[in-house]
Amino acid sequence: MMGENLITALEITVVGMGLVFGAIALLWGVMSLLVRATADRPESAPEAPHPTGDVLERQKRAAAVAVAAALLREQQAQPHEFPVPPTPIVSAWQAVMRARLLQQKGPRQDPRR
Amino acid sequence: MMGENLITALEITVVGMGLVFGAIALLWGVMSLLVRATADRPESAPEAPHPTGDVLERQKRAAAVAVAAALLREQQAQPHEFPVPPTPIVSAWQAVMRARLLQQKGPRQDPRR
Amino acid sequence: MMGENLITALEITVVGMGLVFGAIALLWGVMSLLVRATADRPESAPEAPHPTGDVLERQKRAAAVAVAAALLREQQAQPHEFPVPPTPIVSAWQAVMRARLLQQKGPRQDPRR
Amino acid sequence: MFSSDLWPELSKGLANFTPGNAVMIAAGLVLIALAVLKEYEPVLLLPIGFGCILANIPLTGMLDDHGLFGVLYNAGISNELFPLLIFVGVGAMIDFSPLLSQPKLVLLGAAGQFGIFGTLILATLLRFPLNEAASIGVIGAIDGPTSIYVATKLAPDLLAPIAVAAYSYMSLVPIIQPPVMKLLTTRQERRIRMEYAPRPVSRRALILFPIVVTLVIGLLVPDATPLISMLMLGNLLRESRVVERLTRAAENEIINVATLFLGLTVGSTMTAASFLRLDTIQILILGLLAFVLDTAAGLLFGKLMARVSGGKINPLIGAAGISAFPMAGRLAAQVAQDEDFENFILMHAMGANTAGQLGSVMAGGVLLALVTAMM
Amino acid sequence: MFSSDLWPELSKGLANFTPGNAVMIAAGLVLIALAVLKEYEPVLLLPIGFGCILANIPLTGMLDDHGLFGVLYNAGISNELFPLLIFVGVGAMIDFSPLLSQPKLVLLGAAGQFGIFGTLILATLLRFPLNEAASIGVIGAIDGPTSIYVATKLAPDLLAPIAVAAYSYMSLVPIIQPPVMKLLTTRQERRIRMEYAPRPVSRRALILFPIVVTLVIGLLVPDATPLISMLMLGNLLRESRVVERLTRAAENEIINVATLFLGLTVGSTMTAASFLRLDTIQILILGLLAFVLDTAAGLLFGKLMARVSGGKINPLIGAAGISAFPMAGRLAAQVAQDEDFENFILMHAMGANTAGQLGSVMAGGVLLALVTAMM
Amino acid sequence: MFSSDLWPELSKGLANFTPGNAVMIAAGLVLIALAVLKEYEPVLLLPIGFGCILANIPLTGMLDDHGLFGVLYNAGISNELFPLLIFVGVGAMIDFSPLLSQPKLVLLGAAGQFGIFGTLILATLLRFPLNEAASIGVIGAIDGPTSIYVATKLAPDLLAPIAVAAYSYMSLVPIIQPPVMKLLTTRQERRIRMEYAPRPVSRRALILFPIVVTLVIGLLVPDATPLISMLMLGNLLRESRVVERLTRAAENEIINVATLFLGLTVGSTMTAASFLRLDTIQILILGLLAFVLDTAAGLLFGKLMARVSGGKINPLIGAAGISAFPMAGRLAAQVAQDEDFENFILMHAMGANTAGQLGSVMAGGVLLALVTAMM
């Protein structure tokens, strides 16, 4: 029984890892295609209209608000330890929580002490 | 069978539109009554107490906060295209989303371009 | 039937109040132990590190944000009527809602009047 | 032994893939494209499209009774929970004060329901049985939850095409309505300016309104009660101003989660077997007609009111009586402004539009009652 | 054929409307009025009132097993899910540090439960069978979820009047308690000032407290475990400070949605047939007595503690031991301040109040165990 | 009569308490301590620990079919709803652009799954039947929802130890992985710097990616479709940027509530009777080996890629291919920086890490398909 199961397990391992690698390799191809096919063409810049006075005013206010919001967010989040690229990887909550572990040695301190 | 169904469908249409108009007309009457019966009497103004110093201070802070909150909201919402009366019709999310369509010609631009 | 039930009810009352007082008394003991066993020892203060420049800057910003957030919260919440100790009892929503009742005499005024 | 037995198992997905699945996956991609590129009703079309794609991947088990979509269908579609919860949220976002300050506009909400019944007649001509014809007609309610609610009660097999037609055309209202508006109204009519001197509406009236509507409609049209009462519950939470927590829950958590699950599950009913039928094409065409008939009836009634009022009512607001809240209201105002930049009829159009919301639910309930009585 | 057959169908709603329905709709309106105009427990009374109105509109199908209220009842009332979820949220909002810093105050949470048992005796005298009498008694827990939990287990038929009594009187605590307070305490007693030099409570104690309470009560009173453990789970989420996401979910999404659904569904059990009975009036009167008995017992025990402590304890805080968290705590402090503007006993009153919350759940569990064993 | 009958009833809790219960309660306390003191996966370990404590308090009725945990188990574990909902939320929080800009890194996500199959072999050697051995192997997916999903399908009796192993070891990744990293790589290899000149990824690619992955994996591995499609649904909601409401619901309400309920319910399966068995100890040991095998396979494949690329790839990022998103990615970058403070490989490590997430789900589905076909 065990011997038979072991053979089955070995078969599953060989076929399974083969399938996983096969599917992943396929994904590699698909991803390469995808990125290449959807690459932005360079001539798209001039489409942006010039801001008018009213729009500028709105943009200024938006900027002020964005700064305030960013400050608020920063205070809530952990400080970044790594040089983080523009894309927000760190948004995952687990990232924040698990990342703390890396910084920490020993048991957690009671903040009231 | 179809002929019979068609007659039924016609009957349903006549009775149904009649009922809808009837119920709506009833609602019209009820609404008129409701608005009239609950109209504010004009002599209610003097009830408002004069603000004391403490209250004034709180009001000032509240005003400051309200401005900040309004700015934030404005940045998140779409700019209003219509002269909007004090009652906040535009609060419905669908309003915001659908309203964009009206402003838009052609496919959506990728903001990164 | 009723007489029998009454006797049962009396028994339940005696046993029930006894059990409630017993369990509560046990809880009293457990709580006293708990508070004593976990009391902070006084020598824990020096563990706090001195803030560096960077940290100070972050703290300043955090403070600014906290003030803004507090103002916002204050505007939303009811003013406190009691001298409230540092621990935030008042966080319960029911507290806020029920507390209004204490302040109020007569029917609620329509804010538009 | 192993490899020979295994191959069918491993290739079962591809082996069971049919051309019909491919067509339906393409349809799902179109819905997602409409959602993402055009932002047409994205909160519904995106989940519907994704659900459609998943329903057409073979042998995933997701459609089984204990699969994800089976669980969601039983949890919220077959018992109509999701549409009702969505209505609680919608009610919490509707402001009825423009309607209350001009009560006569409520009549436009009745006229804009003619499409329901007109489409019922057309569907009967196409030999749909009565229950199916009525379900198709209710696309003319031009209100997603109402269509889904009635279709689930009368003809659950047609849920997918009906829901897809309802939401797709609703997102196309700014394309469907303007030609009808231009055709049925003169330039002069579209330029009619309307006075805006609304009667002030007290807070008491706004609070009593949802309660009174629930009672009146509830007693007259019991079949409409679940829908209308949940809409009014949401509105009561909002207008009472004393249960901010519940209002927030209604207009955020409850509606968002119900919308996501509803969209996915409705999409998951779009299997090739059930969707790729002649019926579906007929339903899609009839649904479009329902929108046109609704708009036309609303406009004609608007013209009647313009005539009766001595030219004080712009007939365009009749087109807002179809429901499609709040899109149709904004569109009517926009079309009026396109003719005359200083003509602002938004408040009147929104009044007619909320009336259309009420009228749609009522008409859906009336239809349900009549058809149930007839069958 | 058509019109003669149709009329009964169309008028079925009005035809089945009974005077009892009218009375119950009026009752629902009163509950909504209390919620909106007086802001008495609005998050519960408003949905209960609205649910009551809907339950008394005939033939809507909403009470059927597959109607909205049937679905919600089976989803969260019959299995006690909603009250337990509400307790997770309440636990996340309670701060036990005032109690932990003055542990002896916990005794007041036991005294304030006498009303439960006293009312049980009175209900027995009125010939209620034991299970019903106990369910009525648990109104004296003065805690909504506890009352609903126990009543659903022992006498689900009485759920509506019991829940209505519990929440209505709880909202009336500031009217019910003060006369009893004035009657049972002297002016001098009410002016007793209490030192506030609380033992500091470490974070570790606050974290261990919910775990220890769960274990102690869980092992001693298994029937109270579901309630007490969910309350303590919420508190542990809060005090641990490491799962802010879950705490936020508990004190917002979970409690808000559960409260709305619980209120609506409890309200929907208020049909004329089940509510308009002699029983209901008796229950409403007994419920009021339960509140008075609780308050009196708490005050008398407070006077005893004042005597024993040599006048260091203000007996008013005994009235906060009834539960009705956090209203009763604030009220006791307010009454003391009314006598002497500089007398601040809020922290002591809140300690007694949270003790009352614990005592209520325990007493509910003890009652459940005893009655189950007796039957 | 009374007191003699009553005592057994009152002491039933303590009388049924077994040493096994005590051991399991201690285990629950350890999990809570890890969560609170060390902040190891607190959002899961805290509810699991609390659920474990409650499951070992006798006679609470919470494990019954109509008790809280029975209800939650049937509502979201036995039909795999909770893990799938969690995946919608996780998908809404994953950014695949680091992976899309360096597609070849996806291969590391395949290598890091060897632990699943290696552990399956080891478990078979310990005479576990095939379905159980596979469920144990899937701990090597190093992804909570995948482990729970597969274990529920193949061997629901082992759910508790498998879930506990998966989440506990995942929280210990920063302790488990570094020794293996140091053992299998040279100092020179760990100091390899990687260029970061990623191909720009358009918004269109980010939107199409989840759809394409769903279709490709869905057709090839139908058993993986529920998991992968919900992950991709969340990601599509996020990247579409047109359904902010739904994205917010997915990454807040839905995932938070599902996580709390999942944790509690999984914890509640840790009864003494089912957990205190030789099997459990074997599973915990095998689970640890699964983590080590995964890491080793990932590193060795990383070394191969380093060799093939002519030293342009730091083999440490291979360790991020195990999944444990996003912890393993950050850890690999940290270890590289520990050797050379100016060596930043975070973006590459995160690319490999998201590849590991995809690979884990795929491997879980492949395993499910193969074992189901074999049985």
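All chains are identified by letter, namely A, B, C, D, E and F, in their written order; residue positions are counted from 1 within each chain.
Simple rule for what comes next: contacts are C-beta pairs under 8 Å (C-beta built on N, C-alpha and C of every residue); 3 or more make two chains touch, one makes a residue touch a chain.
All of these numbers come straight from a predicted model, not from anything done at the bench.
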Report which interface contains more C-beta contacts, comparing D-E against C-E.
C-E
Since subunit D and subunit F are copies that touch, is their contact same (over half of the numbers shared) or different (under half)?
different
Roughly how far is subunit C from subunit F, centre to centre by C-alpha average, rounded to an integer in Å?
37
Rounded to the nearest Å, the gap separating the Cα centres of subunit A and subunit F is 18
Multi-chain contact sites of subunit D, meaning residues that touch two or more partners:
6, 10, 36, 39, 42-43, 202, 204, 220-221, 245, 253, 370
Shared interface positions of subunit A, touching two or more other chains:
15, 19, 40, 68, 93, 110, 112
Considering the complex alone, what residue numbers of subunit B touch subunit D?
2, 5-6, 8-10, 12-13, 15-17, 19-21, 23-28, 30-32, 34-35, 38-40, 81-85, 87-89, 91-95, 97-102, 104, 107-108
Partner subunit F, residues of subunit D touching it in the complex:
5-6, 9-10, 12-14, 17, 25, 29, 32, 35-36, 39, 42-43, 46-47, 50, 53-54, 57-62, 66-68, 71, 252-253, 256-257, 259-260, 264
In the complex with subunit B, residue positions of subunit D that touch it:
36-43, 90, 93-95, 97-101, 103-104, 106-107, 109-110, 113-114, 116-118, 120-121, 123-125, 127, 129-130, 133-134, 171, 173-174, 196, 199-202, 204-205, 208-209, 212-213, 216-217, 220-221, 325-327, 330-331, 333-334, 337, 344, 346-347, 350, 355, 358-359, 362-363, 366-367, 370-371, 374
Touching residues on subunit D, where the partner in the complex is subunit E
78-81, 84, 207, 211, 214-215, 218-223, 225-226, 229-230, 233, 236-237, 240, 242-243, 245-246, 248-250, 253-254, 369-370, 372-373
